[in-house]
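Chains here go by letter, A, B, C and D, matching the order in which they are written, and residues are numbered from 1 within each.
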Amino acid sequence: MTATDTSGPHTSGRRAPLTKAEIAARVAADIPAGSYVNLGIGLPTLVADHLATGRGITLHTENGMLGMGPSPEPDDVDPDLVNAGKIPVTELPGASYFHQADSFAMMRGGHIDVCVLGAFQVSTSGDLANWSTGAPDAVPAVGGAMDLAIGARRTVVMMTLLTKDSRPKLVERCTLPLTGVGCVSRIYTELAVIDVGIDGARVVELFGTTHGELEDMLGLKLGRTR
Amino acid sequence: MTATDTSGPHTSGRRAPLTKAEIAARVAADIPAGSYVNLGIGLPTLVADHLATGRGITLHTENGMLGMGPSPEPDDVDPDLVNAGKIPVTELPGASYFHQADSFAMMRGGHIDVCVLGAFQVSTSGDLANWSTGAPDAVPAVGGAMDLAIGARRTVVMMTLLTKDSRPKLVERCTLPLTGVGCVSRIYTELAVIDVGIDGARVVELFGTTHGELEDMLGLKLGRTR
Amino acid sequence: MSAARFAKSALEALGDVADGATVMIGGFGPAGQPTDLVEALLEQGASGLVVVSNNAGNGDDPLARLIQRGRVAKMVCSFPRQVDSWHFDAAYRSGQVELELVPQGNLAERIRAAGAGIGAFYTPTGFGTPLAEGKEHRRISGVDQVLEYPIHADVALVRADRADGVGNLVYRKTARNFGPIMVTAARRAVVQVREVVPTGALDPEAVVTPGIYVDAVVEIAGSARGATGATEEPA
Amino acid sequence: MSAARFAKSALEALGDVADGATVMIGGFGPAGQPTDLVEALLEQGASGLVVVSNNAGNGDDPLARLIQRGRVAKMVCSFPRQVDSWHFDAAYRSGQVELELVPQGNLAERIRAAGAGIGAFYTPTGFGTPLAEGKEHRRISGVDQVLEYPIHADVALVRADRADGVGNLVYRKTARNFGPIMVTAARRAVVQVREVVPTGALDPEAVVTPGIYVDAVVEIAGSARGATGATEEPA
């Protein structure tokens, strides 16, 4: 599904960094037809725009629905029909509703094929930190993040590779409070697609940078897929 | 709800033993209006005939239904609509269907007010044995007995007081495999209504026998309610 | 539970709530919030409450005002922080309200466990995170899991779409959320509905909450589609 | 799971079942038995099966014949003994089939736990009885409870009433029983329905099993109301 010949990751190094929409499209391209998918709040919601209809991809929203459609026209907003970000959505043919325990059973029982989450930090071993900035005066909130992170068959992260003050978000070890341990399998960023996990971080694809530049930027030794 | 003045249990001693239908009526008389009730297979099913309509009593069947009605006319038998004994039943207005986990959650979560079960043995402390005769060659089967015994708010037993070979079924200690520990609060039999539990066995009402005769018959010391 | 009672007002449906009671409040953001019942709780006066709810109030909605007035001693929820959760934020920062932060799936499963008579359960959610600190855990089938306990309540306040004469309920779209499990976990479940319909009018195959779980029902005319005020709040 | 496939025959829907597989079979007595799918399993030929089902066959129904032919190594069920369970009785007495007897509520909850990602749970059911012997237990909130583990399966065979084009299912009356939980607990869920209806024809509020749980569907004309043969069996 992704580039696996060794020339792939490296010859693509001189392409430009991706826009957010392009990252979303790149995430979408990896989602197999027929998948059940949960998109986390924030950046990952952009992925929906790139899931072509006709591929039979069904969106789950953990507040209790399968078959979620796009935002409604203003006149069609229904306050009883919202997504996990409390944003009004619509219902597609074949939709179904269920209560919170059933919805999280669906997620926690491993029935969702792909979950796309945002992140503050991801470790090279796949640990995820995406619910708390660790600021001492912050009001904490976790929502479904911890369930989503470990419940899906495959959890991937869509994020910028650097924070606003240019610190790497892909790290040897997360310093922020964890959401889940070893749960992320791949990150999609503006500069690279990188697999993470027990084998460490391995570059899958580069955009507007080189393997060496990326290693320098992150202060990490990165492997290559295959 | 039951006789609580001390004259009650004793002056009633010279009434005749109850028929099975009369035991069922006696059980029914103790069930408060508005109750949700589960009737075990066998003898307890007779209780349904004595639950007057208009008292708002709703029958639960653990195979997945509330609002169970009586047996259908032969032409109206529906193989998709059976009770826990796999006998065809009917649906009353206000009925609802649910799956096995939800049905047993209803039972196990303490939402059923009264469960009426049959028994092989009940101990004076309220232990129940009603699923296995202990015969070495028997094919065992338990069904929902263990869940029903301990799940309901109040579990009572309807049974004959003696086995076919005249051995007492109310015993100091069950010798047959247990269904549940300390779960029965009252037994209804042809000769007596008896409370059981941590305070031991206490006679509530007698039919055609005396307190002393009953003690001799059972080989037990019996208390009196109040 | 005995048969559902139909009340003439939210306050009558609510009945007596003791100081220090644990109160579950349904809803996920505005969807499914039992706004009129929480208003009634404000009026009723109980304090020192433990409130179990996914969120901790938006803007000046009734739950937010309950917190503002110091009536809530503790919130058990997954996502208290909202752009307009200023009353909770202030109460939390001043130490006026205690917070038990629970992952949303654990919140749902713990409420379900209370209703289903489960004593405790092991789940991988939260293992290795600050929210599992101090909790018992063990490795089962190669996966590290945390032991979680049920959450029971004295009262559950829930909004549904329709009830029939025996208290069977159906909900509407994602407003279903916590309602069906909260009514199972509370000693008393109080429900506001848009419409009470005659017994027999709900399809027995489509009943979501059987009447056995429902203790009191109040019909609030026009309480569907956020007309109780929920729509006025930012999402 | 990926989108449901619609098969032309029960055998095609069943697909490959390996020797030694764990197979869940829905139904409570005749109600909800996926008779045609179990017939297909007979024909398909897998042996050494572990079968999880509330009962262990009636008369000469397909499950009874599966046992009779020595294809079942172990039954996991709550109530194998029926007036006409002669094939199971004989196989059990001769030691040909192993039996794990499970209280019906534990059977249901363990199947649900498998589908819901619960690692294990404590329940009071069975404590102090022979069926809890050797099991871990502890006292929680003053009640003795037994630790029970999930039951997973390779395949679930289930009967529903209708399916739509994405595999959403509705059931009929007490034939619902184990279907909705078994499809969540199996790596592959195969469903026989009376009727396949167009996507959009099922009310999203009344869907009992969302299509995510369904891998293969076969329409068996006239399979409602026991017309698949279940009615011929004594209750």
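Just so it is clear, contacts are C-beta pairs under 8 Å (C-beta built on N, C-alpha and C of every residue); 3 or more make two chains touch, one makes a residue touch a chain.
None of these values were measured; they are calculated from a predicted model.
Novice: Going by the touch criterion stated earlier, list every chain that contacts chain C and also contacts chain D.
Specialist: For chain C paired with chain D, the chains in contact with each are A, B, in label order.
Novice: Across the interfaces B-D and A-D, which one involves more C-beta pairs in contact?
Specialist: Between A-D and B-D, contacts are more numerous in B-D.
Novice: Just how far, in Å, is the C-alpha centre of chain C from the one of chain A?
Specialist: 30
Novice: Please report how many Å separate the Cα centroid of chain B from that of chain C, as a whole number.
Specialist: Their C-alpha centroids are separated by 35 Å.
Novice: Residues of chain C that touch two or more other chains: which are they?
Specialist: Expected reply: 109, 112, 116-118, 123-124, 171-173, 204-205, 208.
Novice: Two-or-more-chain contact residues of chain B, please, as numbers and ranges.
Specialist: Counting only residues that touch two or more other chains, chain B contributes 91, 97-98, 101, 104-105, 107-108, 151.
Novice: Every pair of chains that touch: which are they?
Specialist: A-C, A-D, B-C, B-D, C-D
Novice: In the complex formed with chain A, which residues of chain C make contact?
Specialist: 28-32, 54, 78-81, 85, 88-89, 92-93, 99, 101-109, 111-112, 123-131, 144, 171-181, 208, 224-226, 230-231, 235
Novice: Using the touch rule from the top, collect the residues of chain A that touch chain C in their complex.
Specialist: So the residues of chain A in touch with chain C come to 61-65, 78-83, 85-88, 91, 97-101, 103-105, 107-108, 127, 132, 137-147, 150-151, 177-181.
Novice: Given the complex with chain B, which residues does chain C contribute to the contact?
Specialist: 1-3, 112, 114-118, 164-166, 168, 184, 199-200, 204-205, 207, 210-213
Novice: Any idea which chain C residues touch chain D in the complex?
Specialist: Against chain D, chain C makes touches at 109, 113, 116-124, 140-141, 143, 145, 149, 170-173, 203-206, 208.
Novice: With touch defined as at the start, can you tell me which chain A residues reach chain D in the complex?
Specialist: For this pair, the touching residues of chain A are 32-36, 56, 58, 60, 66-67, 91, 93-98, 101, 104-106, 108-113, 151.
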